[in-house]
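Before anything else, here is the set of structures, which you'll find just below.
The following pair of complexes shares a single chain, subunit A, combined with subunit B in the former and subunit C in the latter.
Our next item is the complex of A and B:
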């Protein structure tokens, strides 16, 4: 199942790659020679201190985390105090995917920064997930739910929702029709049998 | 797991039938069944019972608990009790589904039994949903649910384990970053 591969983000996890691709607004602190092209608005060859850039997380992280940081970062507003209050009030009322498709994954990455708002971030994500799970579960187990609703959920909840929904559909099908005959597995069906006739032709 | 696979496990359950033929014992890996004597009840696995029924070679006598009054009592108890009550069989849902599907003419009050079982199922499912929700909201690390049957566990299967796994992940990363911070701090202290 696709969820298993994203349990522990690894080098090959597509979800993780996409999550680290999310952008953060950064401010350059030091002069960076010959990287002026990263800022499209400036003509100069070098990247000057004070320039504001939108960088992907993977780049921003390595620029920020060194001993002598090249850039300072600003965490996205939906992980900040004011949005935290919205989440605490009623997490279910929010269309989280509008904030960020990888709300949880990205949040865990952002939590690695040394920023006062980052300390409580994992706790907030966990709390949000817990309070929204009832909603996801109800949607997944209710047959009349519009399948398009999945697009309102952030990726982590979406995969859980879709897998839950699939099993519910199987159960409903079983209630209606019952376990039918035993089917050939895909592996066997796709396995091309070597035909005797081709063998004989080859030998000639 | 697929509901079909749970049903497959349920097919191993024994059921009484009255055969209308004579046959010696059949020796199977899971045990011997028979001998079959016409008109004498004998206990055989459900898969064989359904097969024989389809060939019109037997009459299925249903399980002892497939009785409308008994099921209604179970339903009332289930309603009253806060926790799950013990079901007559670990595969009650699939057994009813299979046996009534194949032999609704042999088992008296088939429709009423079906309704009663569906009611029990619905009560238990809503109970399961509320208890899952309460468990997740509470800070508990484990929950104990007795007397859940195979099909009921299967019903929440991809959803609940995945959600719990993800919660552990969120928690672990939170703790890891907290300990990393404190470690860094202690290192800074020592360097000073």
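Our next item is the complex of A and C:
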């Protein structure tokens, strides 16, 4: 087990915690006493070798990464050879968030495993990102884009899209009106909105 | 299943990015209980079967869950504190009651002491006069701004004792330093910097005309 695991971007990152929660299919290799409840289908007290489990990445990783692994893992199909061809053909045509909301982040985590498909994974992610980046930027720059498109993007691209959109809005505001204005801060505006909606609900 | 609750906790924060969800004490207690249980099981295993290889494996798994639970709880608390700190800068030193009910007692205490810290610091800078760091976050371009009331505010008093009635849908030209907080926090006032410049010009022209008229009448009286 790797004792020194570094956390990216930091230990408290919500996105990283959610990305490492994504599931992998694992196969138990050794008998683990008194943890039989991890497999819902069996009633035995111990976890038996050969049991197939769907485990979150963080657990799968610590069970797999050691000199003497407890479980073997199988990487998700969308990081495998057949899906790689789809990505190579046209990455822009795919709704990546349907594959995984944390496609890039999770991919980087998966790449840490010793699996034949993992070696090429970082390269694949980079290539996918490069070919999709122009598209995302176009969307962010174009004001006619439907903002709902953000929900179809994986997390990394969504963040880029939203901040790109925001800076575009700020630029337009600056062109039209200039700087030096005071605005109600977003936090407070949202707070007011929410208060108003609960108020209306109560009225009903 | 192991560690499921920790993620629930973090997801709760993720789903409400622009506000603060009520402090989920129940879930935290559940996670802490799980951690305590795992720790006890590990301790018993270590004490009773120290040389057993298989026991070592279960300890390893439990330890991973322990670490995960710890990370989730800490991330939850830390990210909440960051939001509370942000609120100090946006809402000011007094939080609206809807928000205070979502905070836990230690969080309220933390907010108070952070507030105090910030106030002490702001008092200590600015050549003995103190400097309000929460105002003028963007460099001001003019001393006066034109604002439109979007709600009935009532009497608004300036620092020098003068006051103005702020009624809904009325326009005012006010000193920027006085009403910045009003715009930023109460949301009851809007401004449009462009109309400000136009109106300022008009204002100056009118002043010019007035002075002209005055000088004219002065001439006549002579």
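As a working rule, the second predicted complex is superposed on the first by the 171 of 204 C-alpha atoms of A that agree within 3 Å, B and C clash if a C-alpha of one lies under 4 Å from a C-alpha of the other, contacts with A are read in each partner's own complex, and residues count from 1 in each chain.
Definition applied: a residue touches a chain if its C-beta (ideal position, glycine included) is under 8 Å from a C-beta of that chain, and two chains touch if they have at least 3 such contacts.
These numbers come from a predicted model, not from an experiment.
Colleague: I'd like to know which partner A:133 touches here: subunit B for first, subunit C for second, both or neither.
Modeller: It touches subunit B, and subunit C stays clear.
Colleague: Should A:122 be classified as contacting the first partner (subunit B), the second (subunit C), both, or neither?
Modeller: After superposition on chain A, A:122 lies in contact with subunit B alone.
Colleague: Looking at A:14, would you say it contacts subunit B, subunit C, both, or neither? Reply first, second, both or neither.
Modeller: A:14: touches subunit C, not subunit B.
Colleague: Would you check which partner chain A:58 touches, where first means subunit B only, second means subunit C only, and both and neither mean what they say?
Modeller: Touch status of A:58: second partner only.
Colleague: Which holds for A:38: it touches subunit B only (first), subunit C only (second), both, or neither?
Modeller: second
Colleague: By the touch definition at the top of the document, which applies to A:86: first (subunit B), second (subunit C), both, or neither?
Modeller: Neither: A:86 stays clear of subunit B and subunit C.
Colleague: Figure out whether A:70 sits in contact with subunit B (first) or subunit C (second), or with both, or with neither.
Modeller: After superposing on A, A:70 lies in contact with subunit C but is clear of subunit B.
Colleague: Which positions of subunit A sit in both the subunit B and the subunit C interface?
Modeller: Looking at subunit A, the two contact sets intersect at 1, 7, 178-180.
Colleague: Can you name the residues of subunit B that touch subunit A in the complex?
Modeller: 2-4, 7-8, 97-98, 101, 129, 132-133, 136-137, 154-155, 157-159, 162-163, 165-167, 169-171, 173-175, 177, 181
Colleague: Where on subunit A does subunit B make contact in their complex?
Modeller: Against subunit B, the touching part of subunit A is residues 1, 3, 7-8, 104, 108, 111-112, 119, 121-123, 125-126, 129-131, 133-134, 136-138, 140-141, 156, 159-160, 163-164, 166-168, 170-171, 173-175, 178-180.
Colleague: Under the touch definition given earlier, write down the residues of subunit A that touch subunit C in their complex.
Modeller: Its residues touching subunit C are 1, 7, 11-14, 17-18, 21, 30-35, 38, 56, 58-59, 62-63, 66, 70, 176-192, 194-195.
Colleague: So in the complex, which bits of subunit C are touching subunit A?
Modeller: Spelled out, the residues of subunit C in touch with subunit A are 1-3, 7, 10-11, 13-14, 18-19, 41, 54-55, 57-58, 60-62, 64-65, 68, 71-72, 74-75, 78-79, 86-87, 90-91, 96, 98-99, 138-142, 145, 176, 180, 183-185, 187, 191-194.
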